[in-house]
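The following pair of complexes shares a single chain, subunit A, combined with subunit B in the former and subunit C in the latter.
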Partner chain A sequence: MSTMDPTEVFRQEASELFEVLEGALLDLGQRPDDRELVDSAFRALHTIKGSGAMFGFDKVASFTHEFETAFDRVRKGEIKPTQELISVALAAKDYIRALIEDPQSTDDIIGEAILDDLRRFVSSDRPSAPVAEIAEAPPLAPNESRQAGWHLYLEFESHILRNGSNPLDLLEDLCKLGPCFVVPVTDGIPFLDEMDPEDCYLKWDVKLHAACDKDAIDDVFMFVQDEMKLTLSPLAQVEAPAPAPLFQLLDEEPAPPAETVAQVMESAAPVAAPPAARPERKAEVASEPKSDIKPETAPARREDAKQERGIATVRVQAERLDELMDRVGELVIAQARLTQLASAGSDLSIKMIAEEIERLASSLRDTTMGARMVPIGSLFGRFRRLVHDLSRDLSKPVEFVTSGEDTELDKTMIECLADPLVHLIRNAIDHGIEDSATRAANGKTEQGRIELAAVHSGAQVLVTVKDNGGGLNTARIRAKAEEQGLIAAGAVLSDHEIHQFLFHPGFSTAQTISALSGRGVGMDVVKRTIENMRGSIDLSTRPGQGTIVTLRLPLTLAIIEGLLIRVGEGRYIIPLSAVEECVELTAEDERSRGRNFLNVRGNLVPFLRLRELMAASGAPDRHQKTIIISTGETRVGLVADQIIGNHQTVIKSLSKLHSDVTIFSGATILGDGTAALILDVAQLVAMAQSKVEKQHISEAA
Partner chain B sequence: MALNPTEPKWSLRLPADCSIAAIRNVYDLIREAFGRQERLEIDCSSVDKADVTSIQLLLSTAKTGEAQGRPVVLTSFSQSLRNTLRRAGFASEAMIDQHFPQKKDGT
Partner chain C sequence: MNDGLAGEHQSGAMQVVMIGLGEEKFALDAGLVREIIDPVPVTKVAGARAFVPSVINVRGNVIPLADLRIRFGMPQLDNSADTRIVVIELELDGEPVLVGVTADKVYEVTEISQTDVQQTPRVGMHWKPEFIRFIAKWREEFVIVPNMERILN
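Our next item is the complex of A and B:
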């Protein structure tokens, strides 16, 4: 077992917390009244502060503390989280992140400036009499502000003491809020023989005579609220003198039966929140025998969270998963050898074992790949910030909608997807969405809209970026292409073909970015990245209505189903997902040497002779086979000597020495230990296309 | 902490540390003493560190003794134990008496 550096653990934990914080802040921009969001942001901050201090990130702790203090007024509901405030809070979050990840790069001055901003926002509307303000602070719950205090019932999970939490400290904190009567509930204590001395059995029934906020009480239990049941209900004594001695208190409430509490309370204090409205009563609570107090209860608000704890997850280092995948790959290769060996022999029992192992290996492969799957939502979350910032910087209001966050992709794919998607979204906002004035003139809503969606489609995942902007300006792209000499003036091209020029390296130049409504900035890089993942990218646009960019991606990078073929002496793999059909190369097609077109049910399909491409020696087989492969709309035939069959292909990437090899995307090891190269479908299709075009030109000449 | 066989009744003196860190030992001590003798006296005078687990253990001991009809007497609560009891809400002597019915003040 390798032990992890605790600082590293903190960094990881913090980075997750940052995501929570950022998500909460961004959501808060849209739903400023959602208390749950404010709380979750605050909890994340608080944990960062606490753990930061524990691991010696003192600067982080002190900055976060300041941040927290400033943000506190938002939490108390005293000020609204405005867009400006959230922008500053996001900047503060970024600063803390920098403090943790790269402290050298940060400057105290920046931190101070952010804090000043933050303080300015939260104090700008501070009224002169803060005391009066607290009294009117929670207008949403008029009942709560008038009540005399709180009735709490505390029940901790049994392991809580082992975590180092001390209920006695919590009780003490509670007492600091105001006069407090704590009554221990001892009926949970088991007999000696049934007892685990380290478990927590005691429960407490507390009456707090202070007109404090519910939040103040939640604060006390902030760190243990997932590990306890806190039942909270307002005390219904309006004119009760605050510090009443214990016995007087007991006299005031002469142990009414639980069922009648509601009536008693209502008649005693009509202004108090009617406890009868509480939907749930805990039988165990009502059976408390000795303390002479029957607590009327509200549903424990943490119950949902408790149930969720049942779902167990394990955090595993990504490298270990990679390692596991490698091992499984090796196993699949070894298993292929075994199968081959078994099928060559005549021993029946070995054949059976080989089959068994084949079955196990393939299910192990599926499980391992499943373990590497990550919901794409983790990636989508990052773009909300991007859209928020861009929308602000370019002053184009943009609504960002995501769907299909649950769609799972291999984690390596997710990592590779981040940059291309940033490009696409940036382009969509920068060039796609028009400014407000133009939108209004065209009768569109003022707010632009960007949709990011992921959906499963067979063995592929489709990721689409859709905007409702102005669409591509085909005429300008064409003009630009002609200017750069990519097409002859007046050549007949479909709109779709013209749009492909956007993926041409260096197509978009600086002076055209703003003039051209189309994309182009780094689109060639996007295309290359996607193709390296064996995916494809497609553009479709409707003038005035918007553009959709579709990325098609394979589910995984590590193992694919392939079609094993033989060309001369060499064997090659074609990814099965690209194969459409296999046909025999007829004598007629064979004769048409010069044309290289195949008649597939009336459609002309260009084909490539792999024997020529690979410079294979020896005589070709008599009956040549054609494998029709396709990328989206384009189909190309590949002529091979023999189709061997289906092959589970563990992809080994080619070394840097082979980086200039274009028609192969990788290699694999076959059952007999020899290597086979994996054909790069996209490149082959492009090659066949260019060949066809050359032919056209030479025929025309 | 030592068991004193010369006394007519068994007296068990609790160790100084009765906090969660050591409570398992204390638990074993009490259970062992419980197995030996009808009448059990627990001397709490040297308890220096106490927490929720100490209170629970004493409550359970008293409860078990009561259920089995075997007298358990707690004597000489130390200041530390008293503080802990008070913090846990056993605010008055009356309440302590209620939960530790056979408590006898040893001072």
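Our next item is the complex of A and C:
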């Protein structure tokens, strides 16, 4: 057993919290009045801050703290979370994430800028009245004689950072003495090429509005006194209200003492609240028994939630689950061999054991597969942010609706699905949804709508991306396809066939290339990714009403239900999910050598003779069977010698040396220990279709 | 490749598995060989390149079975009592790949002396020179040390 790096644990926990935070923020954009959301965002922030400090992510802790402070007014219900505010809050969230995941790549300046934005939004609608007081600032006794405070000028020696001192920490300590107005003096900063990243070039000009004595300030700089120049002068008079509430600024305007006390107490976090304030706060809580947003109750609730989670789930490394799945796969194969051996013999007790093991192995397989299942909602959450950002950047208001978040998929599939879905959603917003003016002209609601849904359908999961935009422009796709020489001008094609060109590499109908899409790289990649997962992709569109993209995916990548068939001497597996029906090849069909079409209840279905494809030796069986397979709309018959039955197929990928073989998607091991190949349904269908087309051409000629 | 050779030259001897294909003897670098197994039922892969015509099951892994005889233009003999499959591990495009190689006979694990290494002659060979790492002398016989990466790519 390997012990996990505590930092790694924190990172994982944080990434879950970020999802909660992001979800809450985005929801808040939709339902600004939902107090529960504000609270859950706050709880997430608070936990990030707490554990961040615990694991030595001091920057994270201090930034999150600032974030919390700025957001505090939202929590108190003083201001409404506007879209702009949410955007800034999301940027702040991203910054914290960057601080945790890749601290090297971040820059304090970015963080400062975000905080400034945040404060600006939070304070913009504020009258000249009270500025938020935060927890760490000791409440000032209101009737204490007012002293103007101090003006400090800090100049550190350039090597101070190398000794491990951080001027910012000192400034923070300074802030604890009272509200500070800090201005960095940037005169001494050299050009970038002359800059030594380990040197400190900044100086600071600080106005400390606090009635403390000089010793308190000296205490702050006690350990760096020798490495800095500190110029200290008392402020001549109370400065006019500081320009903007930058750093934990407390309003200095004279206020009636009682009011100030109340204000301080109201805003102070429970830990720092002076004991005298307690009873009053309690009374406040009592007076509003329903509200669960009191800061005092929040941490407790969070603890509860955490404990619940600790009992309900265990964190397991993904690789271990993969290993477990491999072992189970081998066990299933070994069990199949045992069953075969037992059925050949006559020993009853061995047969019983074999049955017992078969039952255990299959339930073990189900359990293991279940352990790898993850609800797709974790993936959907990510796209809300994407839609939010895109809708803002393109100024197309878009409503994003998801359903079926509980639908479970194998975790590897969830990972593989992320990129294709990003693409589809981008396309939907960029190309699908029209701009507001066009929508209004067409009598549609101004706000576009994108629906992302997942639903179980037999052994498959359907994921659909649906927009209510303009739909695909079939004529334009056609024109483009002709221009690129993919089809001859005037060729007769169904709309469905024309839409397939969208999956052609390098195909884009966007008239201008935008930052988002239009380069024609994408849909082909999406299609390939989905097909690699043994899924398929379908497009359907109604002009003026929108487009639906449907992804059909198998539940898992590791084990499938297969249909075992025999062709000559060889045995092959067809994924059962693709099999529609099995019919006998009639003598009539057999005779029509030239045509290769079946008549299935009045429909013409092309068929492929697997014997030819596999170059099977020996005489064919007298009664050939046809297995009808389908991908989406297309149906193709496969002619085999014998249908053996269904088979639990543990999928093994083919080696690199066989990467040029396209008609097989993988291999498996049969009960007798021999390898059998799994047919690639999509490839076979494509092959049959191209054969049909060739026939058309030769007939036309 | 060259670095590896130089290292082997210094150490003086190279551990090899001596296998027979048709009339010829080949020496496979013992470092590549994972195991030697009896013939198992093979599964033909339609559409695959001729020198990797099938796959086999080796301890739950489906691996390709290569036939060097095809690569060297030798006649394919039917399996005999001496036929073995030598499972080797190669680096192909930076990834380790297991491959089975059919051998008409496996002789022994032995050492060939680096001092006996002969440069591949430019003429007098009916095999592609890039398939051959070098030719060494072993018990008064010339044996071929094949370049498996090249042969299988």
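One rule holds in what follows: the second predicted complex is superposed on the first by the 504 of 701 C-alpha atoms of A that agree within 3 Å, B and C clash if a C-alpha of one lies under 4 Å from a C-alpha of the other, contacts with A are read in each partner's own complex, and residues count from 1 in each chain.
Here is the rule we go by: a residue touches a chain if its C-beta (ideal position, glycine included) is under 8 Å from a C-beta of that chain, and two chains touch if they have at least 3 such contacts.
Computed from a predicted structure; not experimentally measured.
*Asks:* If you stack the two complexes on chain A, which partner ends up touching A:172: first (subunit B), second (subunit C), both, or neither?
*Replies:* After superposing on A, A:172 lies in contact with subunit B but is clear of subunit C.
*Asks:* Would you check which partner chain A:223 touches, where first means subunit B only, second means subunit C only, and both and neither mean what they say?
*Replies:* In the superposition, A:223 contacts neither subunit B nor subunit C.
*Asks:* So, does A:198 touch the first partner subunit B, the second partner subunit C, both, or neither?
*Replies:* After superposing on A, A:198 lies in contact with subunit B but is clear of subunit C.
*Asks:* Quick one: is A:597 in contact with subunit B, with subunit C, with both, or with neither? Answer first, second, both or neither.
*Replies:* After superposition on chain A, A:597 lies in contact with neither partner.
*Asks:* Residue overlap on subunit A between the subunit B contact set and the subunit C contact set?
*Replies:* In the superposed arrangement, which is not itself an observed complex, subunit A uses no residue for both subunit B and subunit C.
*Asks:* Show me the residue ranges of subunit C that touch subunit A in the complex, using the header's touch definition.
*Replies:* 40-41, 43-49, 52, 55-57, 60-64, 66, 92-93, 95, 97-99, 152
*Asks:* Tell me, which parts of subunit A touch subunit B in their complex?
*Replies:* Touching subunit B: residues 161-162, 166-168, 171-172, 181-184, 186, 189-193, 195, 197-198, 200-202, 204, 206, 246, 290 of subunit A.
*Asks:* Which of the residues in subunit A come into contact with subunit C in the complex?
*Replies:* 329-330, 333, 570, 613-615, 652, 654-658, 660-664, 667-669, 672-677
*Asks:* Spell out the part of subunit B that touches subunit A in their complex, as residue ranges.
*Replies:* Counting only subunit B, the residues touching subunit A are 20, 23-24, 26-27, 30-31, 34, 51-53, 55-57, 59-61, 63-64, 67, 84, 87-92, 98-99.
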